[in-house]
Every structure is written in C-alpha cells, then in structure tokens.
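The next part holds the structures, each set out as structure tokens.
One chain, chain A, appears in both complexes that follow, with chain B as partner in the first and chain C in the second.
Now for the complex of A and B:
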C-alpha cells in the first residue's frame, strides 16, 4: 500500500515536472526563437529538442480559468509553457504569447539543429549559450550575449549588448562572426585554434595576447591598420570576424 | 430528561454567541437607501473611491444603497452623494476629511461603539496613525429597466455591472471593470488603467472586437477572426482587432494598460 501511494505521488511529481517543459522529437532541424525574453541555449546529446521553464511558470490568474491566452498575431499557448510553437516541415518557430515578465526558458538543443534567435526587446536580458555545437544565428537589439563551450559556425549580432564568448574548440565547418555595435566583443579561443581573424573597430581598440601573423596581400604589402586588419592564428583557418563599432575587441588565448 | 449544569452553560454560551453574531450581521446589513426619479434612459456615475455595483431594479426608480465602514464600523456619512437630475449624473465621493477632522476622543468613541472585540482591540493596538484606518466604501446602484446607457467613471473603485444596457462606457483608473453575463450591450467600452477588464459577451452576436493590453495578457474562450493587419503586436503593447461572426452589429472594446483583459462568451 505504501509503495502504491509512493508510486502515485511519484507519477504526480513527474506530471507536475512535465507541465513545465515541452519536447520535440528529432535530433535535427531548424529552430527559430522569436522575441522570447530571457533565453538560455544548452547543447544536448539527446535526439530531441526540449524547452523547459527555469523555475515555476508565472502564475495563471484565477479569472483565466476556461480561457486561452491569445495575442495579436493569432497565436495561442499551444505548448503549455506560455509559448506558441509552429511547425513547417523540420522547422520549428517558438514565440512568446504573454506580456508578463516570465521566467527564463532553457532550450536543450541537439547538435543537428540550426538555431536562429531574434529579439528586439530591451527587457530581453542576457542570452546565455552554453556547450552548443549547433550552428547559431543571433540577431539582438539589447541582449548581452554570453557564450561558453561553443564551437561555431555562428553569426552573433547585438546592437547594444556586449558579446563574451569562450570557445571549447573552433569548428572549421563555417565562418564565425561576432559583432556588437555599441559594446565590447570579448573572445577566448584554445591555443591550437586555426583561424583567419578579421578584426574591426571603428572607434575602439583591439587587444590580444595572441601572436597573429599578418599575410601579404597581392600587392606585396602587409596591410596593417589599427582599426581593421586580418591576422592568422596557427597558419590560418576558418574565417573568424570580431567587430565592435564604438567599443573594444578583446581576443584571448586560453 | 437529565441535563447537566455544564451542558446548560454550554448551550447558553452557544445561544449568546449566536445572538451576538446575529446582531453583528444585522448592523453590517443596515442599508442607507436613496431613490431618484429618472427622466430618460441615460445614466452617468462619477465616483472617486467607492466600488460600484450595478444591478437591475424591480421598480422604475433609481435606487442607491451605500455602505461605508471605517475599520469595520459603519459610518454612513463617509460617502457624499449628489444627484444632478438634468444630466442624470450621480456624483459619489468619499469624504475622508470628516474622519481627519475628528479628534482622537471622537474616534475612540466611534470605535467603542463597535460591537466586535477584534475591532476594539485592533484600534487600541494600532493607535491613531492615519495608516491604520481601513476604509471600505461600496455603492449598489439598482437601475430600472429603462436605463439603456450607462456611463461610469471611477478613480479608485472597481465597477461591476449586472444590468442589461445597450451602451456601456465603463472606466476605472485603479479598479477592475467587470460586466456579468447576459447584459446584452451593443456598444461595450470597458477600460481600466491598472485593473483587469472582463466582459461576458454573446458569442452568437455579430461583433467588432478590439482588445488591448500593454503590460497584461489577453484571454478569451471565443473563436473570432483576428485581423492581423489591423492588430498590433509589439513588446508590451498588444492590440487585437477582430470580427466575431459577421461583425458590424455589436462593438466590443476592452482595454487594460497594466492588467489582463478577459472576454468570455455566453
């Protein structure tokens, strides 16, 4: 009897936990995240995409019982976690529905996904990207973007937020670009990284502890400009662009 | 039958408690009712603090029931009511200055009149600090059938309508606005800046719907067509424009800037 009660309680607990997450089966596809505040992307070895709410989902008002949450684009909460997801083939688009300040959403992303994130809100908070080997496209207005354990390929762009990235290794599969218009770009790469660094700053400076080599161009000169130059690391490799419009670029060796 | 002395005492105590409770309820239930004669079907109400409940009257007169308490003690003159018969406007204002002008001795006397020990002890414990006053002001307005247009403006109080009217313009700055089922309004304009807004509408009507919330959410159980071109979907600014059935007959406009909007079908 005790075991039965324990089992029922356990099932109930699992059910409660399950209400706070949403899963899509499949190890590959396109993932679009539109205008969702407070997002963390975490790499996953599982063959499914899981979105979970960090902490408890915001409290649904008593008055809303029997009603559905709707938004002007006609989307409703079809995930049970305050998000709308639409599917087009192997492509999944997640959108926020609620105007209320919600908890952080954690996306567990398998390697086979290509992730597209866009945000224009000044309340978007920091976008955390941890141990993600998937390809990344980030377009943000106000987000600070913090990456760790990433590999690329990726294109990270934030207008007002700074970008800090610690690479576990640098993938040679595609170009890497990190660009902040008004804040710092701070990047650490392993010492054995092979890359062609394109470093651009309009009003800031470039700081580095890496011995880059500067290739000769076709005219026989080494083009060295304090604001815009190319430097090869370990003989060169993948195209790796770091750019800040009004602040500094920091390139570090781990 | 033998009844012990203890049982008798217990029974007496029980009866006494019931009597005191009844007395308390009776005092709470005292109503200050005023009647007004209406000339036409339009009614306007302006109120500052009192919450307004609109009900249908069984008579052809407007019936006003006020209930005002200070820390649970009835205080009939806490609410001032003026009736402008030309514009058919009720002006309801809470006159807190009356309390402010009262001396401590007068206030103590007022609290001594309270029949409930809890209030007395709370008053003695909390003292005469202004923050310890708990006002509760409610007005029930019983509206005759002929009133088909209601225009209510409240600053701090909530508005709750349970009366069939063709036109409803309800606005509260800090209170919630709610319209109960089967009110049958054709032009429903409900708005609150900080409170929630809730309407029970006829889901079979042909309605043009506009729902707006800036920092709250919008909920409904009605399946209506959303016009995505006219709707606005920005961060902290949501306007849903849509049509229920064929549209064109009924107008529904619900707006809350900082709270939720609820549209229910019935």
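Now for the complex of A and C:
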C-alpha cells in the first residue's frame, strides 16, 4: 500500500515536471492573445511572462510523423507549446496553430503588462482571469468571462458569453466596462469602492444591494430611466459601465 | 545586415538583383520571415497612403509652429531618447503621420470659421497612441464636454473605423449615439453598419439607430436581412429592432 501511494505521488510529480511552458523575460509590455481557446490569465509578481500548458500537450497523430503542421496564415509552432509568438519591441502576439481543442493555456502576467485578448471561436471556452492587475482589453464572441481578484482598468465584451467579476479593489486609473449582449453581467465590488456606475439593460433588469445616489442633471431634475442610468457609489469615482442587451445586470457589494 | 534592415532594404528596392533573389528564396523557406515581411509591407503601404494626403498650408504652419515650440523647450526630453528598432521607428512615424492625417482632415473638413482648438494635439496623441482605457476615456470626454462639431464628428468616425481595439470602436459608436438625432450622424452610422464587419460594433450601431425611430434605419435593416452572409447575432439583432421600430409606428 505504501509503495502504491509512493508510486502515485511519483507519477503526479513526473506529470508536474512534464508541464510545458514558454517564458519571456521582462516585467512590462503588450500581450496580444489571438484566437487561442481555453485561456487562463493569472497575475504574477515575477519579472517575466510565462505561458504554461495545463496538462499534457496535444500530441499530433501518428500519421503526421515527418510532416509539418501547416497554418494558412503561415504561423508555425515556435514556442514548443503549440503556439506561435511574434515579437515587435516589447509587444508579443500569441496565436493558436492547431484547430484541435487542445489543453488550457495559462498565462502568468506581470502587472506591468497590458493584455489584449480576442476570440471568435465556438470552442473558446471560459476565459478565466485571476488576480491580474494588468490593464485588460477583451473582445469575445462566445467566451464566458470569469474574473476574480481584479482591479481594472478594463474593457471586456462578449456577444454570447456571460461576465462574472469579483474585484479585489477598484482602480481609479481608468474606466471599467463590462458588456454582454445575450447573457448576465454579474459584478461584486468592495464596500468602499468609489465609482460612477453606468448601468444599461435593453430587455433585462438591474439588481443591486448597493445604495447608489442618483445625480441631478443641469436642469435640476433627476433623469431616471430603468434601462439606462447612472448611480454613484460612495460619492462617485471612476467610470464603471455594466451593460447587458438581453439579460440582467447584478451589482453586489462584498 | 539584420533581418529587419534587409526587409526594409528589399521593400525600398535597395538590394541588387542577386540579393533580392536570395531574400525571396529565404522568404519561401522561412514562414516567420515571410510573416515579418508582410507586416512591414502592410505598415509601409499604410504610411504611403497617409503620406499621400497633402497637408494644407494651415496645417504646415501649425506643425512648424508646434516644432518651434518643441525645439524651444528645455532639453530634458532628449535625455530619454533611446535607440529604437526599425519597426519601432516605423511605429513612431506612423503615429506622427496618423496625427498629421487627423489634423489635416480636421482642418480641411471643418468650416472656415471652425475653432481648431476644439481638438487639441494632446487629445489626438491619446487616441492615436494611448492605452485602451485612455483612448476610451478620451472618446467619452470629448463628447461629454463638447457640442458636436464637424471636427469632433470626423475624429470619432476615424476611431470607429480604425482603432485596433473593438472596445474603443464600441466607445466611439456609443459617443456618436448621443447625437443620432442629427441626420449627419445617422447617415454616418448607416454607412458604418454596412461597412464594418465586427458583430459587436454592428449590434451597437443597430441599437443606436433604433433609438432614433426613423424609417431610414428600418429600410437599411430590411435591406441587410436580404443578404445571406450575415452573422447570426447581427441577423437576430436586425429582426428584433425591426419589430421594435414597427411597434413604435
């Protein structure tokens, strides 16, 4: 029994060791992620950008031995982890090579990076963003986007996927915008957050447990419209837009 | 010769016949080199296109005045100068030309009594080279604080078509939406709806046009539905908004 446990631990250790990765030195830059399915972004305190494959890398079929994976755009796997990376100064663009669903890619992102993610694929899966302090620019068609421990600034939209975000604090450095056309937008912020919430729903409702104040406009009236209104939290602060076309917006305090 | 220098030399026709042939063979064998070449080629053709815009005399005068002011400033900035790669230089050149293009367009298109100061160079610099959040903020601020004039309208339109981030282009549509009751803006959005391919931008434009409750928007939506190559989400949005417009009438 003892030997069996040891053997299982050893297997786990070997698998961990076998996790494949690609590293770029430097604590700041622009990171572009184009059409890569199943991505996780994790904040990092290290002065390097690391991309890991979660699990074992997708193996090309036996029949492909001696052949090269052809990508119509001319990209090749120059990272050893099934991705193509191109460099322009301190700007790095990662692209998927294979059409197979493959494994999840985990990007460990230093906070000095500015992250751009775009995906239009049905197979994009959930985009996880954890503890990332870098500025985020996300454009998705089908992804669900789940964020935790984030601060902003950020601009995120998904046509079909929902967006759920738990902020550790709300940065006052720049605007925050979360927009889903067909799904919910569900956001939690710390109780001491200072923000101007711009809340917009076309066919859904807005739900919140925050006492928002509603500013008067220049004509002395409060213009309240159930589909589009601005509410200030703790006297107001950074512009924070939450928008859902066909579903609800949930705004919670932690 | 560095790879980047060679690509530029090839594009500028500075290689001899033998060097050109060698470079072309290398490109066939190396997809990465070919990709880099295509990027440079695209950048250069964009620069050519921008450079083809002849600056007006007024632009030239303002640009010379701007340069004089810059030269007169203390030398502090020069200490920060770094050696840039050729691609970086092209990026810098593109930004300058883009800013020049903006200025030129604004001056040429604006009425003769237009106040040039409605858009300051700092704003142009931000929307040309700022971070995504800075560009979004700049777009919102200029429409929140200013009455719409042709100069601002042109600037926002440029961003709606050309910004590399669809989130910034989305912000441009939202800002234009504040003025959709003006026929000029309505026509601009109708044109953009047919030209822009990004689904989220099309959806935003459709919703914005619907707010105006105008027949022109409904006719455009119906004409678009007759096409077969529509994205599903866009098609759905067109149907929904046509129904919405029909209920209003």
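Following the convention adopted for this analysis, the second predicted complex is superposed on the first by the 228 of 254 C-alpha atoms of A that agree within 3 Å, B and C clash if a C-alpha of one lies under 4 Å from a C-alpha of the other, contacts with A are read in each partner's own complex, and residues count from 1 in each chain.
One rule holds for everything that comes next: a contact is a pair of C-beta atoms (placed from the backbone, for glycine too) under 8 Å apart; a residue touches a chain by one contact, two chains touch by 3 or more.
Owing to the predicted nature of the structure, the values given are computational and were not obtained by experimental measurement.
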Touched partner set for A:28, first chain B, second chain C, both or neither: neither
Which partner, chain B or chain C, touches more chain A residues: C
First (chain B), second (chain C), both or neither touched by A:86: second
First (chain B), second (chain C), both or neither touched by A:98: first
Contacts of A:137 with chain B and chain C, given as first, second, both or neither: second
Touching partner for A:239 - first (chain B), second (chain C), both, neither: second
First (chain B), second (chain C), both or neither touched by A:74: both
Partner chain(s) touched by A:175 [first = chain B, second = chain C, both, neither]: second
Those residues of chain A which chain B touches in one complex and chain C touches in the other: 73-74
Chain A residues within the chain B interface of the complex: 35, 61, 63-64, 66-74, 97-100, 120-121, 123
Complex interface listing, chain C residues touching chain A: 31-32, 34-36, 38-39, 84-85, 87-88, 91, 131-134, 136-137, 140, 165-168, 170-171, 199-200, 203, 207, 233, 237
Chain A residues within the chain C interface of the complex: 73-76, 78, 86, 88-89, 114, 116, 118, 135, 137-139, 141, 152-157, 159-160, 173-175, 177, 179, 181-182, 202, 239, 245
Chain A-facing residues of chain B, complex: 196, 198, 213-221, 226, 228, 231-233, 235-236, 238-241, 260, 262-264
